[in-house]
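Per-chain residue numbering starts at 1, and chain names A, B, C and D are given in the order in which the chains are listed.
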Amino acid sequence: MQIQLQMKGRTLVAKLTGDLDHHSAKTVKDMLESAIVNQSAQNLVFDFSGLSFMDSSGIGVILGRYKFIHSMGGQVTIASKNKTVNRLIAMSGIERLISVYDSVELAVNSVQGGK
Amino acid sequence: MQIQLQMKGRTLVAKLTGDLDHHSAKTVKDMLESAIVNQSAQNLVFDFSGLSFMDSSGIGVILGRYKFIHSMGGQVTIASKNKTVNRLIAMSGIERLISVYDSVELAVNSVQGGK
Amino acid sequence: MELKNIDNKMHLEFMSKSTNEGFARAVVAAFAAQLDPTLEELADIKTAVSEGVTNAIIHGYGTSAGTVHIDGEISGKTLVIIITDYGKGIDDLSQAVQPLFTSAPEMERSGMGFTVMETFMDSMDVESTPGVGTTVRLSKTIGKNH
Amino acid sequence: MELKNIDNKMHLEFMSKSTNEGFARAVVAAFAAQLDPTLEELADIKTAVSEGVTNAIIHGYGTSAGTVHIDGEISGKTLVIIITDYGKGIDDLSQAVQPLFTSAPEMERSGMGFTVMETFMDSMDVESTPGVGTTVRLSKTIGKNH
């Protein structure tokens, strides 16, 4: 699992490459948490375009970050075109809290209010 | 395992794609034998550029076809740049009977006497 | 009465370590490949297996050492995968299989594992005995939707 | 005295069918992947495993049904693979391991299987009892040549 982090305005964009499962979840969690704090990120965008696999452990990672960002008044969105990943997200009900977009650009625009 | 067959003059060029192991050896053997007879091929070139795997079962397939072609006065060559395959060929000693070339063109030219 | 001709069979055992989650997925994917599944069917199978194996590792064995067992069976176009642990077992099975129920929220578990297995496969059966272990039987027939 | 800490372990069993040769290679490759082998090291391992598994299937069991067993072990950077069949066994082991010796020339076997296993791995040990079966133990340490 590789994580590439980038700030776009006050939005942290995290591109995950590889398999997001229970084995990699802890690393992803720790890296995102410290990046959010260190960069004073307000919003978070998950870029799943490089994801080769995700199971429900990924849902836990998304939801955990959502709770933190949301408690600070920020927003979380996801960029994903992966059918299986999107089914997982839909199934878990987190779509009511976190929107899924086709591209990182759309996902970033949405949390930044179209700016 | 996929086999593409093509005649170049009186030389049969057989391009193997996939895994050449004991499981696929029988099919390869049968297809080559009938092509050699039906096309009245004099020489045979193995094109291994599409091979993803080969073990010693492949040596048996090569040697079996060599014996037949050689008994009819023809020649067999191999086009392969795959390191592991070439080590297998070298190890088996069949290099003394069958030359290995970098490209199909060189392998075909060699059996056709540079024509 | 159920009658079936088994065309192929495999049994796998590995240490209860999270590094082996990816290994288990790869093994089942390689076994299922004989059925010529679509990429989507293969992704479904890998996801379901990952859920079952992760559960065995974190809930079944937790911090204690153990061995996860996977049985694979192919009959016609149907794949059966059985994931077994000899770990702590499940007290309240009907609660455990509820969507969103998890006994490990502190580990950021989402409680979606059983729901994923049930949804991504054609059938799921769970047997568990507290103190003895848990067996999850998953099956999927390939080529149903194409 | 040999002391080693085992970091990971797996055990695989499958039906003695030639379709499973590719499956066995994929499983061992996925297990070995943890050691971050080069593509060439991985190709060596897959080739050696293919030889051992093919021998178990065609020489060990032949036309009779049977189960092939593979044990995998990782200690540090060393991979150990043990391939076992409970088939017919080998009468003359020192003859069998000779390059080019084969008891099945009519099947176009080249007699290079044991030589390949020995050359592509760091060590090979063979134990066989006629009428009982054969065990081939292969080991390779990753990262030796880079």
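We adopt the following convention: a residue touches a chain if its C-beta (ideal position, glycine included) is under 8 Å from a C-beta of that chain, and two chains touch if they have at least 3 such contacts.
From a predicted model like this one, the values you see are computed outputs, not experimental measurements.
Visitor: Compute the shortest path length in steps from chain B to chain C over the network of touching chains.
Guide: 2
Visitor: Would you mind naming the chains that touch chain A and likewise touch chain D?
Guide: C
Visitor: How many angstrom lie between the CA centroids of chain B and chain D, rounded to a whole number?
Guide: 26
Visitor: If you average the CA atoms of chain A and of chain B, how many Å lie between those two points?
Guide: For chain A versus chain B, the centre distance works out to 51 Å.
Visitor: Could you list the positions in chain C whose residues touch two or more of the other chains?
Guide: 19, 22
Visitor: Multi-chain contacts in chain B: which residues touch at least two other chains?
Guide: Touching at least two other chains: none.
Visitor: Name the touching chain pairs, please: which are they?
Guide: Inter-chain contacts occur between A-C, B-D, C-D.
Visitor: Help me check something: in the complex, which residues belonging to chain D touch chain C?
Guide: 8-15, 17, 19-20, 22-23, 26-27, 30-31, 33-34
Visitor: Spell out the part of chain A that touches chain C in their complex, as residue ranges.
Guide: Residues 19, 21-23, 25, 29, 53-57, 59-61, 63-64, 83-84, 87-88, 91-93 of chain A touch chain C in their complex.
Visitor: Going by the contact rule set out above, which residues of chain D touch chain B in the complex?
Guide: Those residues of chain D that touch chain B are 18-19, 21-22, 25, 40, 43-44, 46-47, 50-51, 54, 57-58, 99-100, 107-110, 112-113, 115-116, 119.
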